[in-house]
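You will see two complexes here that share subunit A, one where it goes with subunit B and one where it goes with subunit C.
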Partner chain A sequence: MVTTEAEARAAQPILQLRAIEKVFDQFAAVDRITLDIQEGEFFTIVGPSGSGKTTMVRMLVGMDKPTRGDILLRGQRINDVPANKRPTCMVFQSLALFPHRTVGQNIEFPLKIRGVDPAARKKRALELLAQLRLPDHYYGKAVTQCSGGERQRVALARALAFDPEILFFDEPLSALDYKLRKVLEKELKDIHRQTGKTFVYITHSLEEAMVMSDRIGVMNRGRFVQVGTPNEIYGSPTTRFVSEFMGEVNILDVTVGPDGTATDDVTGARYLVPPSAGAGPCSLVIRPESLRFVDGPSQAHNVVTGTVYNEYLLGSRVQYQIRVGEKQVLLLENLRDQRYEGDLDSPVTVGWDTGDSMIFPKGPLQ
Partner chain B sequence: MAQATGIVTITAATTARAAPEPSGWRAWLRQAGVLTALPMALLMLAGFVAPLLLVVAFAFMPPQSFSILQPPTLANFQEIFANSFYRSFLASLYLAAATTLICMVVCYPVAYAMVRVFGRVAGVLALLITAPLFVADNLRLVGWMLFLVKGGVLSGALQAWFGIATDSMLYTVSATLFGLVYTYLPFMLFPMIMGIAMVPLEMREAAFDLGATRWQVLKEVDIPLAMPGILIGALMTFILAAGALSEPRILGGSSVVMIAQDIQNEFTFAQNWPKGSALSVLMILVAGVLAVTLLRRIDLDGIFGRR
Partner chain C sequence: MNEIGRPARWLYGMLIALVLLFVYLPMMTLVMASFSRSKFFKFPIPQFATNWYADVFASLSIRSFFWTSLVIALLVATIATVLAFFGALAFARYRWAGRKLYQKVLLLPILFPQAVLGLALLLWFSAIGVTPSWQAAVFAHLVWIAPITTLVIAIQVYSFDPAMEEAAVDLGATRWQTLKEVTLPILTPGIVSGFLSAFLLSWANFPLSMFSTGADQTIPEWISAKIQSGYTPQVPAVGTLTMLAAVIVMALGGFAAWLHARRRAGLA
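And now, the complex of A and B:
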């Protein structure tokens, strides 16, 4: 009997959103979202600013109420449960550390609220400091004297001290420099493994989402455009919006004819494209790393000729800006050891295989 | 020769720039900050420091004298403590403390609502609260006198509508306290508004999210973070109320004598400047110690956004 109960518990998603909607002045910031988040999952919501991701998380944490729809935590409707009664907590974008308290007092805050005695509080705070690789003497340090990365860890420690069932993050790393962000992304993933808790993370960077997540939901205009594993999102994006969100991509406006080939709207060139949903105006998306220099048409399914206009060194990789005719610019990316040897402005042929390109019909929900 | 001097001067200037050494009071005086502060400094010196020094000097002169060129004595202070002058002191401090406390309790909800609840209406409210300040407080207190006096607006209305006969509410300690609270409320309210506005909304949300109840948010986040504003408000209210003159006289009818009234009496009727000065010095000491202690706890840089 006990085992079946435990099994049922494990099978049930920890958090279920049932057509939740948040309307501000007739504008649906979150538009009928249905989603299940599994126990122990690292789920990341990615979207540009204004896509509704912060609004959504505020509802999930209990700081806002959905206009319509239900939020279920382990099957229990929690729409009307205020934030301080929910077993979840959030790491804010600003971190919201209490400036009038020391590092230790900040971490102990949720325990103090619960009436845990000072000795036990301190013990737990020191454990968390160690877990987040902060030295013990930081316990008495003023929060205002900590660096950006240290504050980040303090905020995470405070949230972990609360011991939430689900831990939410609202772009906590966005204010940090690139290098530190990379370090903390990995630390966060480690913490996720160590604690086994459910993490729901918000970011505007798909790159950040890729590094950490088990599953990613890409949001735009209050809805999920695609939900899937990082691999699925990167490998088979379902819309132009998702493919573009990953980073720099080449997007060609094409018209797919009845024979299944595409005509470039700008240059008039003909391309072989993957089987698309139908004929008509489409966006052809080619990743820079899928484009390569070729010697002739036999080396790739599709080739275009242009001139090398610029070279950008990116460390381990190198990018080239290829000008095709007057109006078209393509971006090509190679590894550093496959550097282009010719002169700038000299004619080159570049090509790609059909399987490396993606085609999306143009529609309202791009 | 001239050239040589020129070179020497230039070298000196370069070294001074490279390592800012103290190069005498001339260089110090030439700093932009010093120059711009000079007019205000001179005004303060002539209008504030000099009279203050005069008062301090008079406090140590023999009683009933009108010159500061006599051998100093502690006679005035001895007399203050020997006779019952300290009573007006205690009355002042007590009433000022009570005023501060009452203003704090009354103002906090109002200030909180003005920052977080009222939105655009808050501006109109602020104007309504400040508007009476454009009328001299003596006049406003006379208005209250007409309201509270026996057969005045309040007791007349109570008598006519409810048949309740009331005695005069004027000329009591309570009336004085009421007047003090009424007059100095804005001095508590506005710094408090500033203090509460400084509490980031996310800080409250974070505390709430971490399980704190409303009271715990108030105790752990709201009040500590608004403390600079609350302390400045308390300081202003306390010091102003402790030096109040019109309220005890007009509404209190001298049922309680506060220190300002004693000081005024000494300077006018009694023609005893040294004693008046000694009382003033004691008052300044109390206020000064209080101000320094409290202001040291306040992070002014944080308030002015310099951090």
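And now, the complex of A and C:
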């Protein structure tokens, strides 16, 4: 088979991490991570605070050096290349806009450093303002006078002016309110399509990652717990940690017997569960939307009886808190037009199908 | 909320007026004494005159003391600001082994009684064979003033987001370009106030100058000497002029701060 040079280039990942490790005082903040990121991909690293995601991105942009392992950019080892010599750049969590400069001067900064003449700089800055839907007159505005969303756009414009091969983001939206964040997430995805650049994004919100990414890497304690498309992460999480990270889930402590059925450690009820890797103590995870009200045991693989204790309206959806016995609380989510008609505190039967539940053995890597 | 009642507000006003009176009345007395014709201060002043100012401006010796003071203060302010700029970055910006100790050691000279510090320096100068002179005074002032300037600039450095320097480097700037384009301009207000405070502290300093200038003399030294022997109303006249110089320097600083704030707000 004949491969052209262009095909070979396209096949090679733009960024390769080879067992990179960052050790602080004998603590591995990033613990032997190997990963390939493809040209043009929107890759999101998601994890709780302290999971090592910021340490990792600081090594990728060149602000820290890995203790061990290699970082390859288009096949070239770049471990020792300082940040200002790398063709990559980052949008910071604090945005790090220069307060003594106008919007235009901020955007032009990388071009000025490169010695581009003022007229060409201004032309490019105005193009970027237009691309990010900021009016032309913002060119002369002080960045200190801009709103949170506008500052985000200026920071992104400044990074795009650099024309990086890979653009990194370190939780730039985390300080904004929910509504604005939702708008900017979508804008960012648009910008990704328009520019065709490789984006590597860091966030602690899996929800944010789902909206924007081509692929997601879920990080915990310095390692990737799971890497996959948003669909894979949501549909088939490989650990309890990943399933929990997505949002509210019901987690039941169960013990799987030799016959493959699970016994609830709290209520003693028996459930049919998906085939599991082994017997013994496990976590049974059921999403609230997989749980439904049923009339009897014939309508679902597993049923439990309890009482409706609370109802929460979530706009297009509605959630119910179901109390089972003294100690167990389940969360059930329905569409708003399938509201529960009965009274609170009245007995109900709820159920779920085996295929809608997930079972993870209890172990150190959860 | 925190509304102040009428009697409380009245008391408040009284208190402020008293404080202002307490602080500024002695200085007003000084100004009045300098404009009195009589050699000794009487109140109310029998006859106003400006002859003591004429004497001051005519006096070649006072003129030379003025230049000595000015040159010392300018040199001290310049050197202290340069040292303090880098010292403040080490103090407030970078994490390094021994930073805590450095922060404490740096503050010690400020807490020493200046007379003791002056004596120590004098002994030190004689031990290493340096003749006391205005150059030695520059060094003596620096020992006390550079730490203060460092603190003044460090306050500004504390409010500086280190990510801004990282962002500049990330966008391709060298260390030097980062310093020139980002760090220095953002720290300018702190640097200016550090320079001004260093200038004023040196300009007004007596104890350290007394021990270190040797045959040279600064304005505060001259004032002190004249009070001990040979008082004339030239002394309050020089005092008033010295104060005026300090006020002008502070006003210039205030004007610079106002210009800076205006520019940052995007009005100019």
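Everything below uses one rule, namely that the second predicted complex is superposed on the first by the 363 of 366 C-alpha atoms of A that agree within 3 Å, B and C clash if a C-alpha of one lies under 4 Å from a C-alpha of the other, contacts with A are read in each partner's own complex, and residues count from 1 in each chain.
In this section, contacts are C-beta pairs under 8 Å (C-beta built on N, C-alpha and C of every residue); 3 or more make two chains touch, one makes a residue touch a chain.
Given the structure is predicted, the values throughout are model-derived calculations rather than measurements.
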{"item": "When subunit B and subunit C are modelled together on subunit A, clash or fit", "value": "clash"}
{"item": "Touching partner for A:239 - first (subunit B), second (subunit C), both, neither", "value": "neither"}
{"item": "Dominant toucher of subunit A (residue count), subunit B or subunit C", "value": "C"}
{"item": "A:16 touches, of subunit B and subunit C: first, second, both or neither?", "value": "neither"}
{"item": "Touching partner for A:92 - first (subunit B), second (subunit C), both, neither", "value": "both"}
{"item": "Partner chain in contact with A:102 - subunit B first, subunit C second, else both or neither", "value": "second"}
{"item": "First (subunit B), second (subunit C), both or neither touched by A:162", "value": "both"}
{"item": "Intersection of subunit A interface sets (partners subunit B, subunit C)", "value": "61-63, 82-84, 89-90, 92, 94, 96, 98-100, 109-110, 112-114, 144, 158-159, 162"}
{"item": "Interface residues, subunit C side, partner subunit A - complex", "value": "161, 163-164, 166-174, 177, 181-182, 185-186, 188, 264-266"}
{"item": "Residue ranges of subunit A in contact with subunit C within the complex", "value": "61-63, 82-84, 89-90, 92-94, 96-100, 102, 109-110, 112-114, 140-142, 144-145, 158-159, 162"}
{"item": "Subunit B contact footprint on subunit A (complex, rising order)", "value": "61-63, 82-84, 89-90, 92, 94, 96, 98-100, 109-110, 112-114, 144, 158-159, 162"}
{"item": "Complex contact set, residues of subunit B against subunit A", "value": "200, 202-203, 205-213, 216, 220-221, 224-225, 227, 307"}
